[in-house]
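Got a structure for you, written out below as structure tokens; questions coming shortly.
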Amino acid sequence: MIKVGIIGATGYAGAEIARLIYGHPQAEVVWYGSKSYIDEKFASLYGNLFKLVYAKCLDDNMEELADAVDVIFTATPQGLCASLVNEDVLKKVKIIDLSADFRLKDVSVYEKWYKIEHKAPSFIEEAVYGLCEINRDKIKSARLIANPGCYTTCSILTAYPLIKEGLIDPDTLIVDALSGVSGAGRGAKVANLYCEVNESCKPYGVANHRHTPEIEEQLGYAAGKEMLINFTPHLVPMNRGILATEYATLIKKDGKLPTASDIRAAYEKYFGKEKFIRLLEDNVYPETRWVEGSNFVDIGYKIDERTGRIIMMGAIDNLVKGAAGQAVQNMNILFGLDEAMGLEIVPCFP
Amino acid sequence: MIKVGIIGATGYAGAEIARLIYGHPQAEVVWYGSKSYIDEKFASLYGNLFKLVYAKCLDDNMEELADAVDVIFTATPQGLCASLVNEDVLKKVKIIDLSADFRLKDVSVYEKWYKIEHKAPSFIEEAVYGLCEINRDKIKSARLIANPGCYTTCSILTAYPLIKEGLIDPDTLIVDALSGVSGAGRGAKVANLYCEVNESCKPYGVANHRHTPEIEEQLGYAAGKEMLINFTPHLVPMNRGILATEYATLIKKDGKLPTASDIRAAYEKYFGKEKFIRLLEDNVYPETRWVEGSNFVDIGYKIDERTGRIIMMGAIDNLVKGAAGQAVQNMNILFGLDEAMGLEIVPCFP
Amino acid sequence: MIKVGIIGATGYAGAEIARLIYGHPQAEVVWYGSKSYIDEKFASLYGNLFKLVYAKCLDDNMEELADAVDVIFTATPQGLCASLVNEDVLKKVKIIDLSADFRLKDVSVYEKWYKIEHKAPSFIEEAVYGLCEINRDKIKSARLIANPGCYTTCSILTAYPLIKEGLIDPDTLIVDALSGVSGAGRGAKVANLYCEVNESCKPYGVANHRHTPEIEEQLGYAAGKEMLINFTPHLVPMNRGILATEYATLIKKDGKLPTASDIRAAYEKYFGKEKFIRLLEDNVYPETRWVEGSNFVDIGYKIDERTGRIIMMGAIDNLVKGAAGQAVQNMNILFGLDEAMGLEIVPCFP
Amino acid sequence: MIKVGIIGATGYAGAEIARLIYGHPQAEVVWYGSKSYIDEKFASLYGNLFKLVYAKCLDDNMEELADAVDVIFTATPQGLCASLVNEDVLKKVKIIDLSADFRLKDVSVYEKWYKIEHKAPSFIEEAVYGLCEINRDKIKSARLIANPGCYTTCSILTAYPLIKEGLIDPDTLIVDALSGVSGAGRGAKVANLYCEVNESCKPYGVANHRHTPEIEEQLGYAAGKEMLINFTPHLVPMNRGILATEYATLIKKDGKLPTASDIRAAYEKYFGKEKFIRLLEDNVYPETRWVEGSNFVDIGYKIDERTGRIIMMGAIDNLVKGAAGQAVQNMNILFGLDEAMGLEIVPCFP
């Protein structure tokens, strides 16, 4: 039984880890870490786990945790994991960090976009970007996993095969994305009150959202060159779900646009055997309801011959594949388990 | 492996059975029956099951089904099951009917409230009312299970122990209930369009909702006498969930009202060992979010000493404990399996 | 032009006053008072008023305000108005208080239910309970109006004629009510975050909600005796709207229950000429969507001959007739204007 | 008093015309036309108008209507208006057609995208595209107004000044748009049921939505050349509102990108005096909640110097400025009234 500790267990992503580990046959949470709710029963904060979880919240003490558990998930604001991690800890325990602290290889890019000083730059190099379907092999032997962001997981996977295969022009990529409100966390902010969010939608972080450089870096590896993209997130009134709609100009070969079957072949090449990636049938597009509660990534596409562009679309559950589910998937890889263990949840509809 | 056939698989309750059976280790759906979508892929109607279920819909042929499966779930409008069931079928297969056809023992009450003629009154007597926590023993040996209604499951369980123990006056019982929209089914009706339901709530079926006699009959057994209640359902804008708020006058003993611990003791007596019934802590009241997607019934209560009444409150997921989940629970009992098999789903929040 | 000052203009009720006064032909807001947003543009907080309102927020200074305006609306937490009001102020300006400070005539009841000391008990006697349709005459000459609560406005009006006419037994009255989330205000609380409220409903304040004694006092005047009721509010996922479903035992005359036309006659007697009260047709029940954004009260009812009870149902927009709209209606009465001025808003659907 | 007839009064757009005309001081609806609800009270279908509108629905008889009214609004599916209009009718009455029948000047484009034969191509030439802020002068003397689509109104106005001024490259324009569900109409379709739409978002009509050629034609006039764009609509779970997020490459002058003040100047040049267009402050972006229920268009923008693109964003209420409001605005222009008459509705929030 893998002993799991969660730092930041009382946020939405942390609690989602708790939900998933509860159903995991070879792991158990032994430490529900929290800054604000120490000594409170976890189930008093998350009534869904009443009579399932009896534990009280403990503090966010990584040193002590490192002795008590096999793997630590940090589901905390940027900067915390980097401020706690050190060689001693990493010798004892695996860390899967759900914050952005170790996602960007260039510390100056991190500091520019996140506007905070990085407290542990020496560990950036060894950290593995935990996008399971792309980096599976590197993840196996990692000590420190940088679990990808929610928008980024969806945005990268949706475009990856076409960029990798040179089917689209990386310089033309535009990512327009929609997110449910749970992505904003459980903090008490006026902007996230029910009446502020309900019956409305809005763009935010236009041209400066922090997930932009993360998408650029990862897709840049696929493109084999640096990329600059436009990424515009929007908040829409639903609890869960991310939908990315991406636009790029198709690259002609011998004066001809790639065909739908060329596109499908590229997706199949990279994702055909992936359990959690569902390439939709022709002219079917992803909808967030079909992945809700699950670790699936649904992907569809449409070629527009009039404009020579392709529209790629992907959907995930931001708290599962976009956070806790991918984190558990990373844990499974790290510990040599079946990658899907504890994650074979059928999406719940309606 | 128990072979399952679903008549009416493409409605919300039928599809929820499909979702639950997909995750059930000892059962599999081999027949997705449908009236409207014959030959269409089930997953084209329920994209959550894409790449999980590959079957196409078949027709609603109970005779043929009886030879092909071990248990038939009928998730269909009132009248259909009664029109199809017969002795030949029941000799071959168990039937769990999610409609109201066999819930009421008095056929005249059925015909009065449902305004249709009952086509198989001779089977009413043997049908067992499948409220698992109350009728477990009778269910074990049944051939035909009348799976309780959604409002009724919640309303009955919430009040049952207090009526059974004589703590409240049955003649004063008032049930005021709220339901999510999935209870109205997947039929194309203007009244259930998004814009009609969203941002509003309304009472309906006031003083004549069909679940009224079902609650009265079952609670009447507990009371040991006939009961007449007021039951008012309301539609509220959410997908899933039923919340029942029930009012009754407490019966004094020696001039004194029962205490909170008397009440708790009554609930504990009947439900203390029930896996799916969660008696909440004092001054905690049920919220539908905490049971969403699960088979739980959450129950709370509050004594009002000023008026001498008690307010009892219960919450369920209408599609799970209120329909498909309880149906699977009944299947488990019928086939001698662990009653919770395939139903140990952690509620998903947010 | 009536000069209006709003103390607490940046809460939902205060901002709704601003919206209504903007459309009022004989009044204008000259003071947007705020505790938290002094010097910020009001329209930066309420973007709906961008390019309509250019003013910045001022402080909540009642003394200064009294010299600047003709009427002050206090849309603030309990206790503030009572702590600011005095004879000097009341000599200069009318006050319409949207808090509960002057609603209850018995100061001990106020202090018991609100758990705060009343700072100006000497003004309770002269304050007029501003339920316009009932107290119109007293309102005309008042200096200090206690604007009714949202639940109370709906609950009282829905039952008033039947109690006044002796058609129902006051001791049996049970009020079960649903509210949209704007009733909880714009404060940053975890409990009111989108993801906490969405897709769920819950009872709260069971047997101890503060609007209980207010309903009891006002309906008690109609009954001619003290009343004790059960009142259970529920939170439902929508922005606006209150729906009250009320139960009471009908009083027989000569062994017979009142008929539907007896009931209708009673409602017509009191409300037949009221512009803002719409008595619905037989077997039509109120839905909050039909009153959204307006000052209407929609009322319906159903006699249950089986139980001898009547179910009365009322719907309002909690921010309009339940707060700001009724406050403006009170202002119109106070200043001798057409009572409906600025309030003839057609409900907006969908 | 202008006499108004509505063909298709019982759909959402038709009923919104009814709501707006009810509040219009110089117009009144004298004919509520309907195909499905003839002889039913209009207010029984739209309870918001109970006790305000007493009329029953009449049929959709344009010939008879032409004698009875001064202006006919056709809020009907594509093809109906074209099948009814003729010279006799147009000699008697103004027609404002909310369908797409007369929006596209090239009948072959219409027939290709709408897949129906045009029944009155001879009137296409004289029909005026009723985008008030652009075509005001032509509208004044028109007999037949083609009222713009909802997505198109928002998409065109948001980009118009920058294209007209040559600040962006028309060939790079991508429009990604979100719509509330009322845009799908009041027809009983499974896809628009509450449970299908709630808690999800999805793209649809990808690369083939019918509003595409309408945007291309109108912006093409501004560009002075033919345009091809990508337009991707998405359905999001809210009643009302359209948000368009548009991407285009900025055109450098002397090697420099336009500045934010260049952009603002362009918007001000065309819209600075427009009552219904609100150019937001820098770094403020439109949100649909701020325009709900009103005729406003809110526009914001952001230059991304990294990619050389601009992101333009616009928000409208699809039923008001995107349909009924603009139709009434067109009526006001046609009849020489103040263009804003009856439309000065303050958006209602929350």
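Annotations for the structure displayed:
Chains: A, B, C and D, in written order; residue numbering restarts at 1 for each.
Keep this in mind: a residue touches a chain if its C-beta (ideal position, glycine included) is under 8 Å from a C-beta of that chain, and two chains touch if they have at least 3 such contacts.
Everything numeric here is computed off the predicted structure, so don't read it as measured data.
Taking the mean of C-alpha positions as each chain's centre, the chain lying farthest from the centre of chain C is A.
Taking C-D and B-C together, the chain pair joined by more C-beta contacts is B-C.
Between chain B and chain C the centroid-to-centroid distance comes to 38 Å (mean Cα coordinates, whole Å).
Separating the centre of chain A from that of chain C, both taken as means of CA atoms, is a distance of 46 Å. Across the assembly, chain B contributes 12, 182, 195-196, 198-199, 237-240, 287, 289-290, 292, 350 as residues in contact with two or more other chains. Interface residues of chain C, counted against chain B in their complex, comprise 174, 176, 178, 180, 195-196, 198-204, 206-207, 228-230, 232, 234, 236-241, 243, 245, 247, 285-289, 292, 302-304, 306-307, 309, 311, 313, 350. Residues 12, 15, 19, 22-23, 46-52, 182, 199, 239-240, 278, 280, 284, 287, 289-294, 298, 344, 346-350 of chain B are the ones that touch chain A when the two sit in their complex. Residues 12, 181-182, 186-190, 192-199, 237-239 of chain D touch chain B in their complex.
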